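Once you scroll down, you'll see the structures, which are given as C-alpha cells.
In the two complexes below, chain A is the common chain; its partner is chain B in one and chain C in the other.
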Partner chain A sequence: MIKTTEAGPTRYLSAALGVAWRYLHNLYSRPSMFIPSLVFPLFFLAAFAGGLSVVGDAPSFDYYDFTAFQFCFILIQASTLAGVFAGFSIAGDFEMGMGRRIMLATRRRSSIVLGYGIGAASRLIVTWTIVTGVALAGGMQIAGGGFDLAGIYGIALLSNVAALLFSAGIALRFRSLSAGPLMQLPVFIILFLAPVYVPKELLTGWIEPVATVNPITALLNAARSLMAGEPTGVLTAYLVVFGLIALMGFWAIRGLRQAEQAG
Partner chain B sequence: MTGASLTIQSEPVIGLQIRALATRSVLRMIRSPATLVPTLVFPIFLLAVNVGGLDSATELPGFPTDSYLTFALAFTFIQSAIFSTMNAGQAVSQDIENGFFDRLVLTPMRPSALMVGQLTGLALLGVFQAFLYLTIGLVFGADFAAGPAGVAVLLLLVVIISLGFGGIGLIMALKTGSSEAVQGMFPLMFVLLFFSSMALPRDLIETTWFRTITDLNPVSYLIEALRSLMITGWDPPVLAAGFAIAIVLALITISIAAKLLAGRMDR
Partner chain C sequence: MSAADEGITAEDLVREFRNGPRAVDGISLAVEPGEIYGFLGPNGAGKSTTVHILTTLLPPTSGKATVGGFDVVDQGPAVRGVIGAALQEAALDPHLTAREHMRLQTALQGLPHAERVSRGDELIERVGLEEAADRKVGGYSGGMKRRLDLALALVHWPRVLFLDEPTTGLDPQSRSALWEEVERLSGEEGVTVFLTTQYLEEADHLANRVGIIDAGRIVAEGTPAELKSEIGRPSVVVAPSDPGRLEDTAAVLERFGKSLPAEKGTVEVRLDRGVDELGAIVRELDAAGIGLASLVLNEPTLDDVFLAKTGHHLEGEALPGEDDSGDDE
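Showing the complex of A and B:
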C-alpha cells in the first residue's frame, strides 16, 4: 500500500519527464523547429529596439532606456510563443498517432501536459540566454538588481506556462496541426494589444482602454518597472499570471478529457 | 463564315483561357476565407496597433505629419501586397501538389494564360484591398494630399507592387512545387517589411545599422512613394523611385516565373 503511494508520484513524474525529454529531443534535432522560435524574438528585438529607438526621445516618453523597454516585451513574447510552439508539438503528436500511444502508456494523463510544460519551460533557457545576450550586446542597460531580474524572468516563465496550457487545450481538442492558427493568432493579438512601443499612458485611441484591461499589460508594466529598479504592480502581475494559469489549466484539463473520450 | 469561325476559335482562345483562370483565381480566394480573411484583416489590425502605439512619434522634431494614421497607412498597402506573395505562391503550389497543374499541361492551355490569369486575380485583389484600406483610413481621419488623381496613381502603384511580389510567390511555387516552402518565405517577407521605413521616416532612425538597412531595402522606397501621395501631395522624385523599383521588381520576377512555368510545362 505504502509502496503504491510512493510509486504513484514517482511514476507520474517519470512519465512527465519522459514526455519532456522526447519533446526537447525532437525540438533540438530538427533545426526547422527551433530556429524560427529563436529568430523571431531576435528579429522583433532588432526591429523594435533598433528601428524605433528614437521613439524613446519623444517628449512624453520617460523610461530610462528604450532597448530595456523593448527587451521586456520581447522576453515575454518569446516565452509566450515558446509555450504556443509546444502546443504545436502536442497537436502534431496527436495528428500522427503518437499522442494516442503516449496516452495508452500513461495512467494519469495530466502528466502528459506536465511533460510538455516542463519541455516548454526548459527550452526557455536557450531562448532567454540568446535574447538577453543580444540585448546586452546591443547596449541594453539594466537598472534593477538581481531580485528584480529574477522577478522579470519569473513573469516570463509563468506567461510561458499560461500560453502552453492555452495552446494545449486547443491542441487536445482538435488533435491536428490545422488548429495552429487558433493557438498562435489569439496569443499574437493579445500580445500586440498591450503597450508594445510606448508606456500605456502614451497610447491613444481605442487601444488605450483595450490595453488597460489586457492582462499582458500588467505583466509588461511590472517587468519594465523591475528592469528600471523601481518595482510597481509586481504583486498584481503575479496574481494576474497565476489567475491565467488556473484558468488555462482548467481549459487544458478539459481538453485532455475530450482527447481521452475521443480515444 | 469560315474566316469568322476561325477568328472565334483561334484569336480569342487565349483571352478565354486568361478569363477562365483569372475567374478561378478570384473565386478560389473568395471561397477560402482562411486565406482571404487574414489577408484583409491582419494589415488593418497592425495599422490600428501601430497608430495607437506610435502616435507619440508625431511629437518628434522633423516628423512629416501630425497624424500617425496618415503616415502608417502606406505600410498597409505594402503589407497586403506582401501577403499576395503568399497567396499567389500558395495557389500555384497547391495546384502542383494536387495534380491540377499536370492535368492543365495535358490541355491546350498556354503558359502565358496561366500566368496572366493568376496575376490578374492578384491585381484585382490588390485593387480591392487598396480601396478598402484607403476608405478605412479616410473614414478615420487620414489625409490624402494628392487628391482624386493621386488615388488613381496610388492604385496603379499598388497593382504593380502586388504583381512584383506575386511574381516572387510564383517563382517559389514553380521552383519548389511545395506550399510548405512558400509558407517558409513568410518570415523573410516580414523581415523586408519591418526593416524598412515603415514605422519612422528614414532620417529619424537613430540606429546607424538599422538606417543603413532601410536605405538598402527597396521596400522603403515603395512605402515612401505611396506615403508621399498622402502627406506631400505630388513629389516626382519619390514617386519616380517608387515606380521604377516596382516596375523593375515586377518585370524581373514575372520574367523568371514565366521561364520557370514554361520549363515546368515542358516536363
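Showing the complex of A and C:
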C-alpha cells in the first residue's frame, strides 16, 4: 500500500465531496431534515393555484399564465431556502463538534464551504423535481423553450449558492443552531419584498421603491420573462446574482476565519 | 531527526480567552520523534487548550510552536497533513455508522479512491469494531466511540498523534487495549504521541517523558523515574487499631517527617530520612502503646511530585473502575 494521500487540488475536491456526501446522506436518511424545506414552496403553490388565482383574472394582470408566474417565485424561493437549510446543518455540525473533526481533517478549509455548497446545490434536484412536478400537475403552461428554461433553473441554482454562502457566514460566526433565525429571517424578508403576487408595475405604496432596489426583483422578472419566452433583463439578473455570490462568498470566508480563531 | 523537524516544539505558548483565564500561560516543550509525551494535569489545567493550539484548531495568543517541522500558525494546512488527533470529546456523528465515518474521514484526508475502503476496514479491525461497523454510532458505548475516534485519527498515516484524555471514562480492559495500541504505534511505527491525562498510572505506564501541567504552566518535566527520584523519599501511612488514638499517632509520626493529607482514619508522613526510619517508627508507636491496624510504606508517585510542585493533589487521579467519578458519556 502506498502510504500517501492525493495531491493538493484532488485532495481539496475530495474533502469537499466528503462533506457534501455526508450532508446529503444525513438529509435523505432523515425526512425530518428535508421535508420542512419543501413545505413552504408547496404551500404557496397550492394557495396560488387555488384561491389566489383570481389575481390572475384582474384586468391589469397581463402575464399569460398565473401558475407559471407564481412558479418562478416558488422555484427561486425553494432554491434559496434549500441554501439556508444547509446553513442550519453547518451550525449544527459546529454545535455538536463535527465541525472540529472536519476542520482538523481538511488542509485548505474553504473546501468545507465548497462541500456544503455542493450538497446544497445537489439537493435542488429533488426540490426542483417536486416543485416543477406539482406545478405541471396544477396545469402550468410553459411558453419558453429549453434554453429559456435552463436560464430559469440557472437563476434558481445561483440564488441557492448565494443563500448558502450567506447562511454559512452566519453559521460559521455563531456555530450554534440558535443562529437559525438570523439565517432564515433576512432571506424570507428579502423574498417577500419582491413582486411576489403581481408584476412590479402593479405594486403601490412603500413596497414599490423597496421592490425596485431588491435584487430578488431582477431575478424574478428575468425568470418570468424567460418562462414567457420573451427574455428581458436576463443579463442584468445574472450580473446581480453573481454579484451577490461574490459578496456572500467574501462574507462566508470571513466567517470561516472567525471560526478558525475561535477554535 | 529532532523535535524541530519531526516532533513537536513549543516556545512560550500563551492562550488567553476573552472572558476566561490564561488557559495556557507560557508553555515551552520539545517532544522527540517517536516519543510518547505524557501531559499530566488536573481538570482545567490547560491540557486541551494546548492540544487545540498544537493541532491548529486554535491560534495562540502569543508564542510559537511547530509540529512535524511546520509552524502551527503559518503552515496550518501542512501541520494538519502530518497529524492525527482524537480530541477529548470524540466528535462523531450519531447518524453515521463506523464504516460511514471511515468513508467521510478518508475523503476529507484525500486518500486515493482505491484505498479508502481497505484502509477503513483495516483500521476498524485494528480497534476491534468489525462487529459494530455497520451500526450507527449513536448506540455505541463510550469505549467504542473512543476506539473509533482513534481509528479515524490514523486514516492518513499521521506521524504525530494527539490524544486528549483518551482513557477518561474507559473500563480497565478498554484502557489497557488502548495503551497497547499507543505503545505499538510508537514502538513499531515510530509515531510521535502527545497524550494528555489526569491519571498518574497512565502517565507512569505509557509516557517516555511526562510534563506536569497546572494552571497553564509546566511545573515539572522528565521521565517518570526522574520525577519520582526528585522527590526521593517514601511516605508511610499508619492506621491505629483504635481510631480514637489518631492524634497520638500523628504526634509520633510527625517526629519523622512532614505530614501529608491522608485518608480518613490514617496518618501519612513523608519521611525526612527514608526507609531506615521504619524501625524507629514502629518502636516509638509501640512505646506509646498505639496498636496498629496497618502500616504501609509508599514509594513516591507522580502525585507526590505534583503535590510537591503545586501544594495540592491531582484531582481525579484514581482510574475508573477504582472510583466512579470518571465522566463516561
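The rule is short, and it goes like this: the second predicted complex is superposed on the first by the 257 of 263 C-alpha atoms of A that agree within 3 Å, B and C clash if a C-alpha of one lies under 4 Å from a C-alpha of the other, contacts with A are read in each partner's own complex, and residues count from 1 in each chain.
Rule of thumb we're sticking to: contacts are C-beta pairs under 8 Å (C-beta built on N, C-alpha and C of every residue); 3 or more make two chains touch, one makes a residue touch a chain.
As the structure is a computational prediction, the values presented were derived from the model and not from experiment.
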{"item": "First, second, both or neither for A:Val39, with chain B first and chain C second", "value": "first"}
{"item": "Which of chain B and chain C A:Gly97 touches, first, second, both or neither", "value": "second"}
{"item": "Contacts of A:Ile207 with chain B and chain C, given as first, second, both or neither", "value": "first"}
{"item": "Partner chain(s) touched by A:Pro31 [first = chain B, second = chain C, both, neither]", "value": "neither"}
{"item": "Contacts of A:Pro195 with chain B and chain C, given as first, second, both or neither", "value": "first"}
{"item": "Chain B versus chain C as contact partner of A:Phe61, first or second or both or neither", "value": "first"}
{"item": "Residues of chain A at both interfaces, chain B in one complex, chain C in the other", "value": "none"}
{"item": "Chain C-facing residues of chain A, complex", "value": "1-6, 10-12, 14-15, 17-19, 21-22, 25-26, 29-30, 96-108, 260-263"}
{"item": "Of all residues in chain C, those that touch chain A in their complex", "value": "52, 55-59, 77-78, 80-81, 85, 87, 89, 91-93, 95-96, 100, 103-112, 115, 118-119, 152, 156-157"}
{"item": "Residue ranges of chain A touching chain B (in the complex, touch as defined)", "value": "36, 39-40, 43-44, 46-47, 50-55, 57-61, 181, 189, 192-193, 195-198, 202-208"}
{"item": "Residue ranges of chain B in contact with chain A within the complex", "value": "34, 38, 45-46, 48-57, 59-60, 187, 190-191, 194-195, 199-200, 204-207, 209-210, 214"}
